[in-house]
Amino acid sequence: MFDKPAGHDQYLVKDEPYYELVGDEVALYEAAYSARMPMMLKGPTGCGKSRFVEYMVWKLKRPLITVACNEDMTASDLVGRFLLDKDGTKWQDGPLATSARIGAICYLDEVVEARQDTTVAIHPLTDHRRTLPLDKKGELIEAHPDFQLVISYNPGYQSMMKDLKQSTKQRFGAMDFDYPTEQTEVSIVSKESGVDADTAGKLVQIAHRARNLKGHGLDEGISTRLLVYAGQLISKGVNPEAACTMTMVTPLTDDPDMRDTLNAAVQTFFG
Amino acid sequence: MFDKPAGHDQYLVKDEPYYELVGDEVALYEAAYSARMPMMLKGPTGCGKSRFVEYMVWKLKRPLITVACNEDMTASDLVGRFLLDKDGTKWQDGPLATSARIGAICYLDEVVEARQDTTVAIHPLTDHRRTLPLDKKGELIEAHPDFQLVISYNPGYQSMMKDLKQSTKQRFGAMDFDYPTEQTEVSIVSKESGVDADTAGKLVQIAHRARNLKGHGLDEGISTRLLVYAGQLISKGVNPEAACTMTMVTPLTDDPDMRDTLNAAVQTFFG
Amino acid sequence: MFDKPAGHDQYLVKDEPYYELVGDEVALYEAAYSARMPMMLKGPTGCGKSRFVEYMVWKLKRPLITVACNEDMTASDLVGRFLLDKDGTKWQDGPLATSARIGAICYLDEVVEARQDTTVAIHPLTDHRRTLPLDKKGELIEAHPDFQLVISYNPGYQSMMKDLKQSTKQRFGAMDFDYPTEQTEVSIVSKESGVDADTAGKLVQIAHRARNLKGHGLDEGISTRLLVYAGQLISKGVNPEAACTMTMVTPLTDDPDMRDTLNAAVQTFFG
Amino acid sequence: MFDKPAGHDQYLVKDEPYYELVGDEVALYEAAYSARMPMMLKGPTGCGKSRFVEYMVWKLKRPLITVACNEDMTASDLVGRFLLDKDGTKWQDGPLATSARIGAICYLDEVVEARQDTTVAIHPLTDHRRTLPLDKKGELIEAHPDFQLVISYNPGYQSMMKDLKQSTKQRFGAMDFDYPTEQTEVSIVSKESGVDADTAGKLVQIAHRARNLKGHGLDEGISTRLLVYAGQLISKGVNPEAACTMTMVTPLTDDPDMRDTLNAAVQTFFG
Amino acid sequence: MFDKPAGHDQYLVKDEPYYELVGDEVALYEAAYSARMPMMLKGPTGCGKSRFVEYMVWKLKRPLITVACNEDMTASDLVGRFLLDKDGTKWQDGPLATSARIGAICYLDEVVEARQDTTVAIHPLTDHRRTLPLDKKGELIEAHPDFQLVISYNPGYQSMMKDLKQSTKQRFGAMDFDYPTEQTEVSIVSKESGVDADTAGKLVQIAHRARNLKGHGLDEGISTRLLVYAGQLISKGVNPEAACTMTMVTPLTDDPDMRDTLNAAVQTFFG
Amino acid sequence: MFDKPAGHDQYLVKDEPYYELVGDEVALYEAAYSARMPMMLKGPTGCGKSRFVEYMVWKLKRPLITVACNEDMTASDLVGRFLLDKDGTKWQDGPLATSARIGAICYLDEVVEARQDTTVAIHPLTDHRRTLPLDKKGELIEAHPDFQLVISYNPGYQSMMKDLKQSTKQRFGAMDFDYPTEQTEVSIVSKESGVDADTAGKLVQIAHRARNLKGHGLDEGISTRLLVYAGQLISKGVNPEAACTMTMVTPLTDDPDMRDTLNAAVQTFFG
């Protein structure tokens, strides 16, 4: 509905990402986007939050700029900075400023890793102002009408030390994500790894058992990604038991008891 | 009453911000401004402090420069710094120096986040001197007669680690802000989200119940902004229960009991 | 008695600052200055230390350079640094070096905020050497005969973490300051705010009650500045009770009991 | 299968590294590489993880870029940075960016030493995206089809303070490594140091005894490297007992009891 | 005995500093200097260590370079650094390098304040090597034959957190300093302040009483400097009691009991 | 056996350092060097580790580059960095890179002071790779065949906070050093200070008594260096008791009991 600004196209997701619908999440997100409501996607590691964002930006035909947050990230990393040029200093927009200018959906992945107060930089973009002040440059960006901010948040990491401030949280609508249903996950694993539905089903069963160990020795459940890894190795001719050990046991824990428990689950299905 | 300095106009608030009068706060602020008294606005997250400032600068026809404070902010971020230019270094005023020069109202949002001693930089602007020394540049700015400093302060965050020093506090007059009255909040939610007064009333009722949980499991009450979000989703055709969950439950807490309590409140009105 | 160096005049205090004599502090300071003894002014927030310094420099016809200290201040901020120029680097004196060169009185306000070891930089200026080594520039400034160093110090902030080292303290003569006497304070408030003596007297009475709460719920007493603020609002037509709340209650504390106590004191005189 | 990019050849391992096969690790790794699965190699210090990687890149004829991780490493050290040039700033790829461009196997050695959140930088290269965003340069590298990421991880160092995040771990397949079997280790020590099989066998026996002390006074077992050191000294004519003390006792511990125990083991075989 | 290098003369102490001999300290220091032994001067604040060094360099006709140490001091502050010039970078010697080149006595005052490991930089200058490696410049300075390193050390500050390492301590000969004897101190105070011997004697008596309070409420005794300050004020016509309060009570403590005790001592002699 | 690279000669030790043989340490070191085995020299402060290295490089006719490690040392300080030049940036090798290029013996003194992970930078130089990657420059240095790395390590400083990682320790052969035998030490003290054997013998006896106090009030024994200092002062005509106090008592401790004990030992021999 607006002229496309320069740089717009390079951030488009060209091919439809593979995404299995879980419930009404697409409709809810579309409503939120139509209000340009900042969104917070909550859920465990590897349950598909990032994939969902990619699917939505493809569906909405909007550019996507993703930032993997970390605690060394400064506000300048998000907003922009002056770089030294042969003619002196030259301003370079950061990913947040670029997103605001070109009307991209800006996705701050694992935002809880960022310094709590770095996130203050996003405040003026997430209320009625929809502006981004570039204090160092003396410019006030008014966000493009298509701009939206999306953040991801893993409640499992939530602690006294690292949590979003209430004044940040209250700027977002939020949606919960979880691992896909059994049927959906079997379909994903089969499609992405090339194994048949029976093998994929066994992998999902093992994952379910491992996910029940969350909080009982494992910090997190097994992500769908690891099941796909297992399937890929099996497709390459690796013995299923070895493939599961390599992808669903060894990466997760070094505790001998936990390993025994996980290996027993593997043997139940592939022994 | 003075010649407008360069840059003055770009900081004016052009359109009257939507603001519902609560009591005599406008008259009190006008008296404080006529004495150019530095002001501290106290109150919880999202209760309308920033909106009030925007309304007042619009009414007073003064430019507004807002700074979202954070703990990584240095005095240079406020006051200014030398930038490297092709001819060497060039001074660039920070937002506080610009405000002092052009006679803007400078609004330091969430000032308690700033390093306690960074706030020392504002001292000479908040007593009889009304000056800002640019030590690095060797210049002493005498504040424009229209200049005023305003800070916001959320008592809920107050702790031993982060509080203003008494020598800073005693430089400000102060006004308390709180969530709007029921009638006012219904009016705001209805007007800003497009839902009817009945739906807005239900949303406000839910918020009141949630606000009673402050200190009993919730760090903060629900801001008016979240009610507007809920109303916007309902206006877009989202089911009211889903809309409330997405805006008034999921963003606030991951505690299952608190979620049950909040969802029960939603169901009481939209179930 | 010496040729005035460049830059001397811009630091002069041109108009006699308003200052009410308390005791023999002017004579004592003049004796200390005639010996160029470094001076430490002790006393609570807002009791008039900075005003006294301005009065003395006006009386002594010496330039004044004030530095508001903070914990991020480096020795370079006081002493000077190299700046990048189009021809390379160029030295720029800091406020301490400028003071030493031009024979100013250098006033380090709230010196206890500065990093303890940053204050080591002032040592060679505060003993028989009266020199300031600019290590980075390879220059040794011999202080102008008129130079004197003055620091302020609020004993209320004194703690294990932030205190001056004995080797620093023992370089200064010291004078205690306190709030003005009742009569003096009434005169100050009336003169500076425009209220009559009766109203000023009531404000001072309220302040005395609040000052008795120091250590019993308030970290500091009420400064004269806040009384002047209250008077100014009353002069602008604000209701005295509201004016007192806005200036003498709300800025100081968020504790409900303390607020009740302070409001009761206000009502005793203006209720 | 692709055109070799510039710089490709300098990172090739030209000569076959000496590597004694332990089990099916080569086949498993080849399967993982054919799926370009990110790999995590787990095992104690000096058990041969780095040697295995060198062997595999030689076998796969891929370039290898190794980064020894440490806690002062920033994301820029991995990804790249702007350097000042006579014409201004010039971007320089870091080892991760170079690897992604030329299709190298990038080996992050002792990744657990890196700042936990620095490792976030590798996330987009380790999921379906296989991209590396150069935020500062505004470029998105799509990884060369041959690119693979490999990390090493010593479970013995695992602690609350230093461990990989689950969201990082779940991006990798993993293989366990341990010290070689007795027969293999004797063969390695003999070949690399020049001592005969009998002497090598004694050295391995001593190492086995020392490895049993892990957790009982020694933080780690003795690596094969130290056995080779001992053998090299013996080959140079050093008395075997002195050679063992110098390489297998003195470097490991200063505890007198532990030294006695280790020296007793040495004397059993060489006394 | 050597050609004087450039810069040598500006660091000479031209006039004989006032110094009252205490014992054989001058002879001992001369012997130490003739062996170019690094020296550590120990003693409380203000007991005359710095004055002694100035006296000795005057007597030995050697240049003196003094560095007031602080915990923000880096090795580069001592050794030197590259500065940006119009032709690129230019090396600038720090005070330690300059001292080593020109054969100065380098006096590191309050060395215990410096970062423990910064002091490592002085090691190669304080053993048989007598060299200073400028790693960044790739130069190895061989110390001028007249060079000597002297450090001061206040045992009262010694703590677990801040102490010299044994490997540093064992590089120095050491001499203890203490306050001067009564007779010497009377002579100093009288000579430096202009008061008669009787008044000086009373000031010294007060100081003796205060010094007995060290460890019983006062962190340090009263330095001779403060007695001279008191005498100077008395010479300027200030009432002796007020002069003593201003210099020997108010600067030292804010504890009411300690102040009473000190004031009682003042009144005993001047009441 | 190789062409001498540029810069080689300036790092040669020209004159034979004075070194008294203790046992077979020279032969052992020569064997280790002939295998280019990285070496760790362990022992207390001042027992002669650095002197031994100087002796060996003289004997082996290899250049020596010494780095005094400290906790502020970055990997760039060891490896190298880009410096700003008039034509942009210019790479400058650090001491480790220079050593690797020219085939020097690189001696990292007090390596335990360096940041634990800075030491990771030396890993690729201390295994079969013998390479040093200059990540920032994109160059991989293959170490000159003569290059060897030597580190010193004082077990007395070993603590949980500061110790080498096992993966670092296991890269080194190690040799223990201790104070010289009585006869050797008498010979050293006499030769280096000029006192006769009888006086030297007394000094050594005092040292032996003081060394027995290690762990019973003294952190370290007395180094041979301090005995030489004492002898030098006696040679200059200082009274032996005063000379011992100045060098063997005052520098070591401020504890009155320890001083009494040490002075008693002095008086036993020189009283």
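Per-chain numbering from 1; labels A, B, C, D, E and F assigned in written order.
In this section, a contact is a pair of C-beta atoms (placed from the backbone, for glycine too) under 8 Å apart; a residue touches a chain by one contact, two chains touch by 3 or more.
Fair warning: this is a prediction, and the values are worked out from it, not measured in the lab.
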Fill in the blank from the handout: So the chain most remote from chain A by C-alpha centre is E
Handout entry: Euclidean distance of C-alpha centroids - chain B vs chain D, Å
Key = 52
Practice task
At least two other chains touched by the same residue of chain E: list those residues.
Solution key: 84, 86-87
Completion exercise
So, starting at chain C and moving first to chain E, the ring lists as C, E, F, D, A, B
Exercise for the section: Would you mind writing out the residues of chain F in touch with chain E in their complex? Expected result: 10, 45-46, 50-51, 66-72, 77, 83-87, 90, 92-95, 98, 109-110, 113, 154, 156-157, 219-220, 222-223, 225-226, 229, 232-233, 236-238, 242, 246-247, 250-252, 254
Practice task
Within their complex, state which residues of chain C touch chain E.
Solution key: 24, 27-28, 31-32, 34-35, 37, 40, 42, 74-75, 82, 84, 86-89, 115-118, 120-121, 123-124, 127-128, 133, 135-136, 138, 140, 155, 158, 166-167, 169-176
